[in-house]
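Below, chain A partners chain B and then partners chain C, in two separate complexes.
Then we have the complex of A and B:
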């Protein structure tokens, strides 16, 4: 498929029959492509795949996300590598995702299309809840830097709310809010950073603002939030209490499939855009679970051509609630995320002494 | 030279008697020290709350009076050469985090051999380690326990504190390092002249025939006894089953028995371990080209789930795959016609059998496999001969 026609598909506009047809063709094509160009993927297919190629998207073996941390999985030659993406992983090893120029371009174009759906095309004054230094990358691009950079396209007059030591710059944000109070401000940040370094600081300083029609987009996971017993409703309540009229959208996404993010609608559900899909698998034997049942989240994306990441088995748990029938009217599957599978206690001989 | 064994670093002594730093008399296999160890065994067996921990009961059973009598015979012969009544030798044990009870087998055996011992336990040790430590502390308050405490100390500190490892290494006459090739390499570099006994990474396998004479249920139970403790991460827990000319239907019966017996067998495997099983299989495919034997037809082949365990038939199974196997309750299976199809390797520790080791059919080639052959169900039973080393001889210093 031509890149242009892929990018121009309606973001939440295909019904399940149309989408299935599109996804199946594209995902099988990608399976074939990676089988031919990635030795590790070929071995994986030989192990758990079929002797002949799968005929349906659900029969494509999903690659465990962990594999991107331990192997350099790519379907391109060294000289074609345009960008190396890394997860911002604070502990353990990081994922390495290899992009060629086309993949990188496709990812950012799709991200733009998805966000335009939610934000419109006009650029807005933008507050980033992070430090300007976070965008600078030393060793490949981190997911956090990619997120900040990707979202920056939707804003103008960018203002970073945090200093280089990740502390809130009260003077700077006060000035920003005063100047743009009447405009539709866009705020972006990582969930935990927004909570701890922004909202909680505003609360500590007893600062309140009265924004009109602002939008906050945040993502990055709820693990640390859950440790503090903060859920989505409480998070939104604190934000509105401090900032005024703010529409809040969480999103679910991962460095292994940059671009195709899952935005949270006004009814609290994450939505699969036309370029990607979610499936829920049983943790015991990976069989496909029906809507409403909790299991491992598999994410499928039609974008990855430079690395075998079109079908990925995450270590996140979730529930798909339905397809095409969310009250918000968007087509495609809608789902919620319910935390991660806790880390198995690794107590093998080889790490006795730690 | 008397070492003070005082550290400026963060070192937590779980057990350290007031007189421990003083040199003690070598009591190798004398009744006084045998009674002190036997006392601990009896003390454990008296605690009703410990019945829920089969690995602790197994430890106490191993050090029961009758078995100690047998060991005493062997020990007295070995210690003839050295000096009873002289100064006790000093042994520094670095215990593994994956098998909670090993540190005590190793340390108590060394106590019996007449040494003073310091055991370093990992901060990541499991529940069982901590229960054992509490039990020993309680026991150490009794008269017999005081004798034991003169010869046994337990310490916990971070692996990063090389200086502590160095000091303890200078204190000891022998350093015993359990498990982890990486660990052994790291420790060996600290005070490299220290006399050392090390037990590197090993893996184990089961060779099953399901003979008519054995009930399948008993075999299934023995198998669970071998793999459930320590989440299949013990070196002697089998990672794979080789089915030696066993009919497919009988294998099915075996797994059905496993399924039925699982609820009666305590285990600590969780959903995380399940997810690790899928990831492990993919890693073995990507790194070593493992291939599943059964493709389930329509969909991609998957691990078959039996309670918290997973199992799958494979076409190829090499030593390097088994070395990388991280436990977590995944049982790889392979159908074979002769034990010669099993690859031998220096890292293969135990070959577990469901027939007598002397059985003619299996005997010829199987006896060359691994460092130890044992009956299925006894994989985790401790032995004075460990990894081909006679521990009593090794712990008899001077």
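Then we have the complex of A and C:
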């Protein structure tokens, strides 16, 4: 499939039959591709007794996310590596995801398409709830840096809210909010950092701002939020109380499948874009569960060509609520995430900061 | 004039020599034109030409030549 036609597909516009047809063809093509180009992937398929190629997407064996920590899984030669992406994990080893120039480009293009759907094409004054130093990591790109940088495309006059020691720079954000108060400000950050270093600090300092039509996009995991008993509704309430009129979108995504993020709609559900899919598997025997039942989240993406990450079994628990029939009108599966399997190592982007 | 201004913006944003700015100069091909430098370049082009680029332009701006075409659209 040509990259241009892949990128130009309607973000939430294929119904389940059309999407199934597209996903099946593309995911099987990728399985074949990685089988031929990645020795470890080939051995993996052999180990689990796949003597012939799967015939449908449900039978493609998902690769456990943890294997990207233990092995250098790639389907390209050393000299084709354009970028090495790393998970932010501080506990245990980090995942390594190898991208060639085409994959890196495709990921950025898809990310832009998804976000254009939610934000429009115009770029907005942007406040990043992080330190500028977080992006400057020369030793491979971390998931956090990739998130900050990917989202930066949607902003202009970027302002980093935190100092190098991750403390809120009150003078800087006050000046930023005053300068752009008439415009639709875009705010981005990782959930726990937004909560602890931004919202809670504003509360401590008793500072309020009155933004008009601002948008906050945040992601990176709820594990630490749950430890503090903060759920999505409470998080949103505190944000609006401090900042005024802000539309809040959580997103779910991972370094193993950068680009295809799952954005939260106005009804609180995460939505699979056309390029990717979610499946829920039983935590004990990994059989596929029907809509409405909680299990391990498997994410399938049509993008990865440089590493065998088109079908990945995460360590997150979730529920798919339906397909094509969310009240918001977007097509595709919609789901919610319900924490991690209990014995999984902490790994979320915003969880690396304490 | 336009060409000089465009060239200078690339020199400033990417910290490269003027003779490196050729029609073949392309995103991710030159070591200094990576995704971080790309945002610096966008900001530089916006201020030099006093324009506001949208997200499609940022993705499309994959070479020096393409940058010229995109900016022409705004100042024509």
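Following the convention adopted for this analysis, the second predicted complex is superposed on the first by the 342 of 354 C-alpha atoms of A that agree within 3 Å, B and C clash if a C-alpha of one lies under 4 Å from a C-alpha of the other, contacts with A are read in each partner's own complex, and residues count from 1 in each chain.
The rule is simple: contacts are C-beta pairs under 8 Å (C-beta built on N, C-alpha and C of every residue); 3 or more make two chains touch, one makes a residue touch a chain.
These figures come from a predicted structure and were not determined experimentally.
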item: Chain B versus chain C as contact partner of A:60, first or second or both or neither; value: first
item: Which superposed partner A:171 touches (first chain B, second chain C, both, neither); value: neither
item: Touched partner set for A:285, first chain B, second chain C, both or neither; value: first
item: Partner chain(s) touched by A:48 [first = chain B, second = chain C, both, neither]; value: first
item: Which superposed partner A:152 touches (first chain B, second chain C, both, neither); value: second
item: Partner with the higher number of touched chain A residues, chain C or chain B; value: B
item: Partner chain in contact with A:17 - chain B first, chain C second, else both or neither; value: neither
item: A:40 touches, of chain B and chain C: first, second, both or neither?; value: first
item: Partner chain in contact with A:233 - chain B first, chain C second, else both or neither; value: neither
item: Complex interface listing, chain B residues touching chain A; value: 94-98, 122, 124, 126, 159, 178-183, 186-187, 201-202, 230-231, 233, 235, 270-276, 278-279, 281-287, 289-292, 295, 298-305, 310, 326-328
item: Residues of chain A touching chain B in the complex; value: 40, 43-44, 46-51, 54, 58-61, 63-64, 66-67, 70-71, 283-287, 296, 313, 315, 341-354
item: Contacting residues of chain C [partner chain A, same complex]; value: 28, 35-36, 39, 42-43, 46, 52-56, 58-59
item: Of chain A, residues touching chain C in the complex; value: 82, 101, 104-105, 108-109, 112, 115-116, 121-123, 135-136, 149, 152-154, 156, 158
